[in-house]
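Please see the structure below; I have some questions.
In order of appearance the chains are A, B, C, D, E and F, and numbering begins at 1 in each one.
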Amino acid sequence: MSANEAEVRRERFEHGMEVLERIDGEAGRRVVESLGDVSPELGHQIVAWGFGEVYSRPGLAPRERQLVTLGMLTALGGCEPQLEVHVNAALNVGLTPQEIVEALLHSAAYCGFPKALNATFVAKKVFGERGLLPVTAEQ
Amino acid sequence: MSANEAEVRRERFEHGMEVLERIDGEAGRRVVESLGDVSPELGHQIVAWGFGEVYSRPGLAPRERQLVTLGMLTALGGCEPQLEVHVNAALNVGLTPQEIVEALLHSAAYCGFPKALNATFVAKKVFGERGLLPVTAEQ
Amino acid sequence: MSANEAEVRRERFEHGMEVLERIDGEAGRRVVESLGDVSPELGHQIVAWGFGEVYSRPGLAPRERQLVTLGMLTALGGCEPQLEVHVNAALNVGLTPQEIVEALLHSAAYCGFPKALNATFVAKKVFGERGLLPVTAEQ
Amino acid sequence: MSANEAEVRRERFEHGMEVLERIDGEAGRRVVESLGDVSPELGHQIVAWGFGEVYSRPGLAPRERQLVTLGMLTALGGCEPQLEVHVNAALNVGLTPQEIVEALLHSAAYCGFPKALNATFVAKKVFGERGLLPVTAEQ
Amino acid sequence: MSANEAEVRRERFEHGMEVLERIDGEAGRRVVESLGDVSPELGHQIVAWGFGEVYSRPGLAPRERQLVTLGMLTALGGCEPQLEVHVNAALNVGLTPQEIVEALLHSAAYCGFPKALNATFVAKKVFGERGLLPVTAEQ
Amino acid sequence: MSANEAEVRRERFEHGMEVLERIDGEAGRRVVESLGDVSPELGHQIVAWGFGEVYSRPGLAPRERQLVTLGMLTALGGCEPQLEVHVNAALNVGLTPQEIVEALLHSAAYCGFPKALNATFVAKKVFGERGLLPVTAEQ
C-alpha cells in the first residue's frame, strides 16, 4: 500500500467513525472494538464503507434510514444483536419509542408475528435500559 | 373510536383469548402479557386477529394447524422462542412427541440439517420440562 | 355468522379497501381481485386487517411505512411481486425515485448486494412504466 | 463400489422412486429426470434418501407430511417450483383445495402476507391446471 | 467533492472494474451497465467496494471465494440472477462443472433439497449456454 | 427391517461416524449424542447420510467443503450453534483463522454486515477457545 493509499484509507475510516458515533453511539463503537482481535478489516469496512460511504449519503434523513434498517433487521431474522444497536440508533436520531413500536407492529403484516415479536422484545430491552418503559400510546 | 367500535374490539380480543388459551395455554398468555408495557397493540392483534380470526377458522384441525406451524417456524429460522410456544401447543392439541420429532426430521430434507437441529433441540427442551423424555420409537 | 357480525365484517373490509386504494392504487386492487377464485378470505384479511387495521394506524406517516416496507421486502427476498406493488405505493405516497433508490442502496449494507440488486431492478421496472427513468442524482 | 454396494444403492433408489411416484406423481419424476445431465447424484439422493428414507417413514400420515411441507416451502420463500410440485402432491394424497388454501391463509400470521400470497398464487396455478377453480368455501 | 476525492473515487472504480472483468466477465459488466439509469451509485459501489476492496483481497484464492459465494447464494434463496453470474464466474476462475455441481449437492445437507435444486438448475442453464452438458462424473 | 437391512444401516452409520469424527471431531459427536433421547433417527441420518453419503464424496477437498459450508451457514442466519461446529471443523481440515475470517469478510458483500458480524463473533469464540487469538494479518 502506498503512502497515499494508506492516507486515503485512514481518512475514510475517520470519516466513517464520525458518522458511526453520531448515529450508533457507544454501542456501535463497541462492536468495532470487539472485532479488533479477530477481524479488524471487517471493523474497518463497516466503518469506512458502511457508515462513511453509505450511511453518510444525503438522500435520506437519518430517521428514515433507521426505519429502513429496522424493517430489514426484523425481516432478516436472527439479527437481534444488530437490532439492539439500531433500536438505540433509532432513538439517537430522533425516532420515538412509539414510532419504533409502530414500525415493528407494521412488520407483522409483512414478516409475520414471530419476527415482529423477536424485534419488539429487543426494543423492550433497549427501552428498559434507557428508562423509556412503559411505552404509552401517543395522544 | 365509537362506543360500538370499542365494544367490537373488546369482543374480538376476548374471543381470540379463548382460542389462545385453549391452544397455547400459559405460554401464549405470558407472551401477550410481556408485550403490555412495550406494544400492547401487537399483543392485541396477535390475540384478536392471529387467534381470533385465523387460528379459530374451521378449515383445518388444530393438530394440522400445528404441523403447518412447526414447519414454518423451523424453516424461518431464528424463531426458537415461538417454536417453544408451539411445541407446547402441539402437545396441547394432541400431537405426540413422536409425531413432533417426525415432523422435524421431515424438515431436514426441505430446510437442511442446521434448522432441523435447532428445532429439535427446542422440542427436547419442552419435552424435558414436561417429563416426556426420552422419546421412544412408536411400536 | 350473525347479521351484526356480517355487518362488522363488511364495514372492516370497506374501510380497508379505502386505505388500500389510497396507497397501493390499481395494483393492490388487482392482487385482491386475483385471489377471488382461490382464496377470497386471504384477500379479505389483507384488506380488512393489513390495510384496515395496521396500515391505517396514525403512528407513522405513509411515506415512513413504505420505507419500512421496502426494507422488509428487500430483506425477505423472493418477494419481487410485492416489491413491485410497494414501489408503486411508495411513489403514490410521495417518495421520490431518488429516495427509493437511496433506500435500496442503503439495504446493500444490511442485506448484501444480491438482494439490493433484485429490489433495484424491480424499482427500475416500475420507474420505466411510469416514465421516471433515468433517475438522476438530486442536486 | 463393490457389487453389493451397487446393489444396495439401486434398491434404495427403486424403493424411493416408488414413494416419489405415489406422492409427487409425474411432476416429481420430471424433476429427477431433468437432473440427469447436470447432477444425477442430486436426483439419486432426492429419491433414495428424501423419499426412500425420510418420506416413507410411518410416523406421520402423507397428508400430514404435506402440511408440514407446505408450511416450510411457504416460509423459505423463493421455492415456487417446489411448491408447485407439493401442491400437486398435497392433492394427490387427499388434501382438498380448501384445506391447502386454509394452510396458506394460516401461514400469513407466521410468515406475513407476501409469502402467503406467493404460495397462494402457486396453488391457484395448480388448481387451474387440474380444473379445481374456483375454490369454494366448504359448507 | 474535491478534485482529489473525485480522483480517488474514479481510481477505486477502475481498480474494481478490472477485478470484476477478470472474475465475472461480460455478465458482471452487464449488471453494472443496467444499473446506469436507475442507481449508478449502486453499480459504483458493487464495483469499487465489492470487487475493488473485498474480492481483490489476497487472503483466499478466487476459486475459494467462488465456493463461499455459491454456498451463500444457494442458502439465501431467490438470488437466481446472481447465481447465474457466479456460476459463470466460478467457471471463469477454474472450477469445473463437476466441482460446482458437487458444491450444490453438498448444499442439500445444509439448506435442504429445494434450494439445492434451484441452484442446480441455474448451473444447468449456464453449463448449457457454454456447451458443458452433460456433466459427467469425474474418473 | 430384515437382518440384511439392519446390517446395511449399521454399516452406513459407522462409515459416516468415521467421516464425522475426522472432520467435526468432538463437537460433532456431542451433537449426535445429545439427540439420543429426543430424535436418534435425526442423529442417525446426519451421520449416515450427511457425513457418510454427502461429505465423504471425493469431488471437493475437505477445506473446500468447509468454505461452502461457512458461506451457507452465514447466509442462512440463526445457525450459530452449527457455525461453531463448522468453524472448528474448518480449522480441523486445515483452514487457517485468517482464511476463515477472510471468508466471513467476503460474506459481508453478499449477506450484509449483520450476518457477517454474527458469524465472525462465532469464529472469535472458537478461536479464543483454541488459543488462536489475536488473528493477525498474514505476511
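Convention: a contact is a pair of C-beta atoms (placed from the backbone, for glycine too) under 8 Å apart; a residue touches a chain by one contact, two chains touch by 3 or more.
Keep in mind that this is a model prediction, so the values were computed, not measured.
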{"item": "Touching both chain B and chain F (chains)", "value": "A, C, D, E"}
{"item": "Self-contact between copies chain B and chain C, residue sets same or different by half", "value": "same"}
{"item": "Rotation in the CA alignment of chain A with chain D, degrees, nearest 5", "value": "180"}
{"item": "Chain pair, A-C or C-E, that carries the greater number of C-beta contacts", "value": "A-C"}
{"item": "Chain centre separation in whole Å, for chain B relative to chain A (CA means)", "value": "30"}
{"item": "Centre distance in Å when chain E and chain F are each reduced to the mean of their C-alpha atoms", "value": "24"}
{"item": "Inter-centroid spacing, chain E versus chain B (mean Cα positions, whole Å)", "value": "40"}
{"item": "Shared-contact residues (touching 2 or more other chains) in chain E", "value": "41, 45, 49-50, 54, 57, 73, 76-78, 101, 105, 108-114"}
{"item": "Contact footprint of chain D on chain F as seen in their complex", "value": "8, 41, 45, 49, 53-54, 57"}
{"item": "Chain A-facing residues of chain D, complex", "value": "108-114"}
{"item": "Complex contacts: residues of chain A adjacent to chain F", "value": "31, 34-39, 41-42, 45-46, 50, 73, 76-79, 81-82"}
{"item": "Contact footprint of chain D on chain E as seen in their complex", "value": "77-78, 101, 104-105, 108, 112-118, 120-121, 123-124, 127, 133-135, 137"}
{"item": "Of all residues in chain F, those that touch chain E in their complex", "value": "49-50, 54-55, 57-60, 64-65, 67-76, 82, 98-99, 101-103, 105-111, 138"}
